[in-house]
Structures are given as structure tokens and as C-alpha cells.
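Sharing a structure here in C-alpha cells format.
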């Protein structure tokens, strides 16, 4: 028996909107710890990892660990039917091949339940090794999204270079070149507007803008984004989900001379 | 000579937006009582009936009963050119084959007149028999529109079941099933937010969501919608037009075993 | 060396949005007087003239007159990457075949530079003779844009007729005819809402709505538009750019019996 009650149901709506275009089908794993997902994107270039910790749910019952295969497009269709203020409860009976999403309006006058068939999905859970990052950049998530979108009107890849003074995003395309520099800035009125660089070493890495733009669909989940960079290992683009967990996107850097997309 | 002056011209704009996608060509009937229309949709499945009573017009002159055939798409194009605060006057000379829509801005600084050629349209005026309905449901029109839209992302038809406790909308499709229950609720702050069920008998009927979704284009005309249900006769979905009349949509229920659309 | 610093960078963004669909490639001319452009639209029917006077820039350095050929679509793409509150600086080294747009955020925390290759564009600078206009019409720019858009849902051309009382815009199409009359009105609360007619002589001229609609993309630049009309010479549709200059569009009237577009 599984029953997870999330008062701030809009969080789950936003999570699905963040990942449904990147990943088609995926297993949601449910354990005493929380509700999580790990999946490669459909072209096997990027990886997404989601964690919603059990403490963040108003009610969390998970009698035994289960893995539920879902089509994220269909799940997103159902969650779109939840109001932004609705409480969402996810339910599954033991051994059932369906999952039910229940949406309760704040006044309890409208209650909807949507039942979806589960899928069998082959997936190996990748161990993501703990890594030491050369540079960790924390910046407003809307700013990062804006920069990725702007640069992709000029080129296909971005070089992210971090130094003590700030971070530079550069691209080059048929119509010209573009550089955007954000300076470290911790003296802002609101902490979520700060740009902070934690950096033992300068680093400069190249990424496909298409994937970064896809990651920025998680922007509504958090005011800030944390970008962890180290040469030769995938960048981590993390959006924290308040008091519940995170959604993390991993993307391997492109090799300098390589014009094709680097597959891991 | 026909001259109808409507101070709240936006009403007529909204009426046309409600019906132009459902009905291509129709006769508007003008008499001492009011300005009315009755038409089948282009696939002859649904019927729309409009009444704007003469008392609702600032000036209403209709020397003799006339029936004016109009293309609703063209009429809607012209009415889109009226500002939302404009006064709209509809004029036709006796024996003329054109109708004129005049739009006056509130300050009278801008006056537009649009002339449209009338059409000959064959149509028989259907007598709609007065019926006793098993269940009458009054609910916020935006809520009804939201439910029809949500369910049509899952299935093609909806079962509407009314009991003393509330109304249930159910659908089923390839990706799963959905049920939305709205409880009777008359203790709300604003009367237009109430859900009221007047019900001598429980009733459960099946309808094509495509038509219900089309009817909900009338949502801007009224905060509430009245849905009258009885087995074996068409549902009536009514939007009242404040102090003027109504727009009513009729749709025959689908027969249980019938997978095809039921034509009347 | 060229260096032009414009504090209100959004002006340059709006200028490009106004003309990029009308003109593909054009030379921007830079002199001690200001930054200007004159170009025919791609079908050689309309002409656009832009002037941003040097006094309107915070910093204006132009060591020698230069003409810089740019693709306006690409330039607009780059300027879209500037924030609405950004300061925009345009820079070019002597003899360089590139131009750089620098965008500074108001807090100086984000600085972007976009470099674009210049083009060689053949163009002859047309002398526009000073003309005496029969009628000069000043009206709210949003009203003019609305009328052009509304009428183009009915017909392809508009007859603009000016008399002492006001201005009439008329069109005719398959679905009917339309006339919009705006009365002279100088007693309004806000001067930008006035409709003023300066008119030695009545005039009535016919224009292609497609071009007028294109000109109205400049509406965000100014609350008012000035339309100067005279028989047999092109109309001038002018949007003033506060304290800096103007953007002017010229369009030859259509000859009465001529159903085809009149090329100059």
C-alpha cells in the first residue's frame, strides 16, 4: 500500500513540466526515504535525478519499496488537471498495475481521481559517484534561463568559464559571437538574487545549449540554481525543491575538437 | 426598419464568439419580443438557441418580424472590430439585403459602421417542447468549463451522474480513467460560486465532450451555468445573459452501447 | 572609432522590432549629427527613414562618417538579448568589418557583448524632397494601429479621407464594407489622446493596408502618430522618438482604377 499526500500539489505539477520533454518513460522509486526518479533522456545524453523526501509530505505511507513505471507525458496530462492550490495524493495498492492521482480542491468541494496504468520499464539505476567539483556557481535561476535562451539564438554550444571574478557564458554561430559575464555579487537585498562562486580552481567547459535549455524548464521550482563544474565529469544543474529535495540534471561536457554531441 | 441599440456591446461580441465555431450560417429572427436565433450545428448534432429580449436594448425598433440570414464567421469578424466599451447598433432598412453594425466609442469620438450582405438560409424552426427535467444542476461556469477541458485530455465522452450529494463527471481513454466529483455547496460567500442540485431523481447520461467543450465558449457571458438533465432527452446547457435573455445549447445523450455519435 | 552609448536601450530594441519585418538588410549611417538609416522595403514599395540624433546618446563618439551594412533580422536577434532596462553601447573600430553591441544591466552585474559581421550593401541614398502636405493628422498611435488591423480583416486597401470634421478610413471586401470615422478632438485630458487635423485642403487617398499594418509595429515607440497626406505624393507616417528623433515610413498612394500594387 502506497499513499503519499502532498499539500503543495503544484510542486508535483512543476516537477512533471520540468522533465516530461526530456524523458518519455521512467520508473518512480518509492521507499521509506522518499519518492525519487533517475532517468536518462531519450537520446541518452543527459540524466535527471529527482528526490522528494518523505518528510515533505503531509502523509507518507510506503509499506515496501516499489518502482512504478510511468509515461511522463501521460502523467503530466493528468497532473495538468489538478488546480494550482489542490492537494495531490498518489495512491497504489500492493500488486496493482495502476496508480491513482487524487486532487482535492482547498475547499474540498471538488475531488478528482485519475487512474493511470503502470508500465514495465527496463532501467538500470546508475550509481552517481560523489565528485569534488572545481567550481560551484549559485545564481538566480531566471537569469541562468535567460542566458541559455539568449545564447541559443546565436549558437548551439556554450562555453562556461568560471574565474574568481565571475562566470562567462560564450557562444559562436553563423551570425556572430556572444559573451555574457555575470560578476560575483553577494551584497544584494534578497539572498536569492545573489551570484556566488565557490571555486577552488578556474574551469572552462563546453555544453550543448539544447540540453541546458531543457533543464531550465525547472526554473519555476526554485529561485536559484546551483551549477557544479569539474573538468571531464558531467556538470550538475540543481534546482532545490523547498523543504523536500531537489531535481538535478547531469550533462557531460563536449570535448573541444568534437563537433558532434558527446554521448556518455 | 430595424434599429437595435445595445449599450453593452461587448455582450453581442461574446455571443458571437460563443457560437461562431459551432454554427456557420444562421437566421437571426427579430420581432417585437426580441432578437433571437435558433440553429443546428454544422454536423446536425447540437442545437443552439439565443434570446436577447427587447427590454434589454436601450433602443429597440422592429417594425415587422424579419429573419436575417448571416454568416456567423463574417459577423464575428466585424464585431471583433468593436471596442469592448463600444455601443453597438444593428440597423437594417426594410427590404434591404444588407445589415449594418454601428460601433460608437464611449466618448463618441470614433464611430464605425460595418455593412454585411445578408444570405438566404433554409431553416426550419424546431419547436422545442417544454420538458420536465430529472435533475437541474447550477454551478460556476468556469468550473464546468475546466472540467470539460480536463476530461477531454483523457477521453472523448463524459458520463454525468447526478445524485443528492453532488455531480460526478467520468471519462475513460487510452491513458486511463478520470472522475471529478463536485459536492452540492450552497454556503459560499458569493452566490455565483454555489453548486446547487435540484433533483427529484438521480440521473446518469453520456455526452460527447467535443460539443460540451464547444458550449463552454459561452463562459464569459455568465458566472454560472445551468445544466438540465433527463434520460432520453437532450441536455440543456444554459448561460443566462444578465437582464436580457440566454443562450442555450441542446445535445442528445449518447446511447450506452453506441460508440458512434448519436444524431438526433 | 565609433562608440554610441544609449541609456534607454529599449528604444533601440523597439526600433529594430519596428523595421525588421519590412527591411532585410540596410546601411546604418553614422555621422556627427546622429545615427540614421534610410531603406526601401524588400518589395521596393515603402521607404523607412530613421534618425537618432547624437544629443540623445549619453556618449556619442563618431570620428568619421561611416556606413555599416547590417542584416536587420540578425541585429534584432541580438538586441532581443538585451534586457529592457539595459544600457546599450554600439561599438566599431575603424576599418573593422564587425560591430559590437554591449548590454549592461542597471546594476552592472551582468555585461554582455554581441559581435556581428558587417555586410556590403548597395544602396543609393534617396533625396526625399520637402513637400507641402494638404492634410496633417495627429492621432493616438494605438488607435491608428487598431483601425488598420480591424480594416484589414475586411479588405486589402483603405481610403483615408480627411475633412475639417475628422478623418474617415474606409475599406471594402468580399464580406462587406467598413467605415471608421474619428472626429477632431482637442479637448482631452491627456494631450497624447487628442486627434488633431491640420488641413488646408480636404484629401482622399488609397493605400495598401498590408504596409500600413507593418508601419504600426512602431507603435510602442510613441503615443502619437503623425500622418501627412497630399495627393500624388507618398504619405508619411511618422513616430517621434522622444528627445532623439523619429522613424518615418513613406508609402505611395494607389491610383484609383489600379487594382494592382503601385510600385514607385
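Order as written gives the chain letters A, B and C; numbering starts at 1 within each chain.
The rule is simple: a residue touches a chain if its C-beta (ideal position, glycine included) is under 8 Å from a C-beta of that chain, and two chains touch if they have at least 3 such contacts.
These figures come from a predicted structure and were not determined experimentally.
**Student:** What angle, rounded to the nearest 5°, describes the rotation that places the Cα atoms of subunit A on subunit C?
**Tutor:** Superposing the C-alpha atoms of subunit A on subunit C needs a rotation of 120 degrees.
**Student:** Where subunit A and subunit B touch, do the two copies share over half of their residue numbers, giving same, or under half, giving different?
**Tutor:** Different: fewer than half of the residue numbers at the subunit A-subunit B interface appear in both copies.
**Student:** Could you please state the distance in Å, as a whole number, between where the Cα atoms of subunit A are centred and where those of subunit B are centred?
**Tutor:** Centre-to-centre distance between subunit A and subunit B: 44 Å.
**Student:** Touching two or more other chains, which residues of subunit A qualify?
**Tutor:** none
**Student:** Which residues of subunit B touch subunit A once you look at their complex with the stated criterion?
**Tutor:** For this pair, the touching residues of subunit B are 143, 150-151, 153-154, 175-183, 185, 195.
**Student:** In the complex of these two chains, what residues of subunit C are touching subunit A?
**Tutor:** 71, 74, 77-78, 80-81, 98, 107-117
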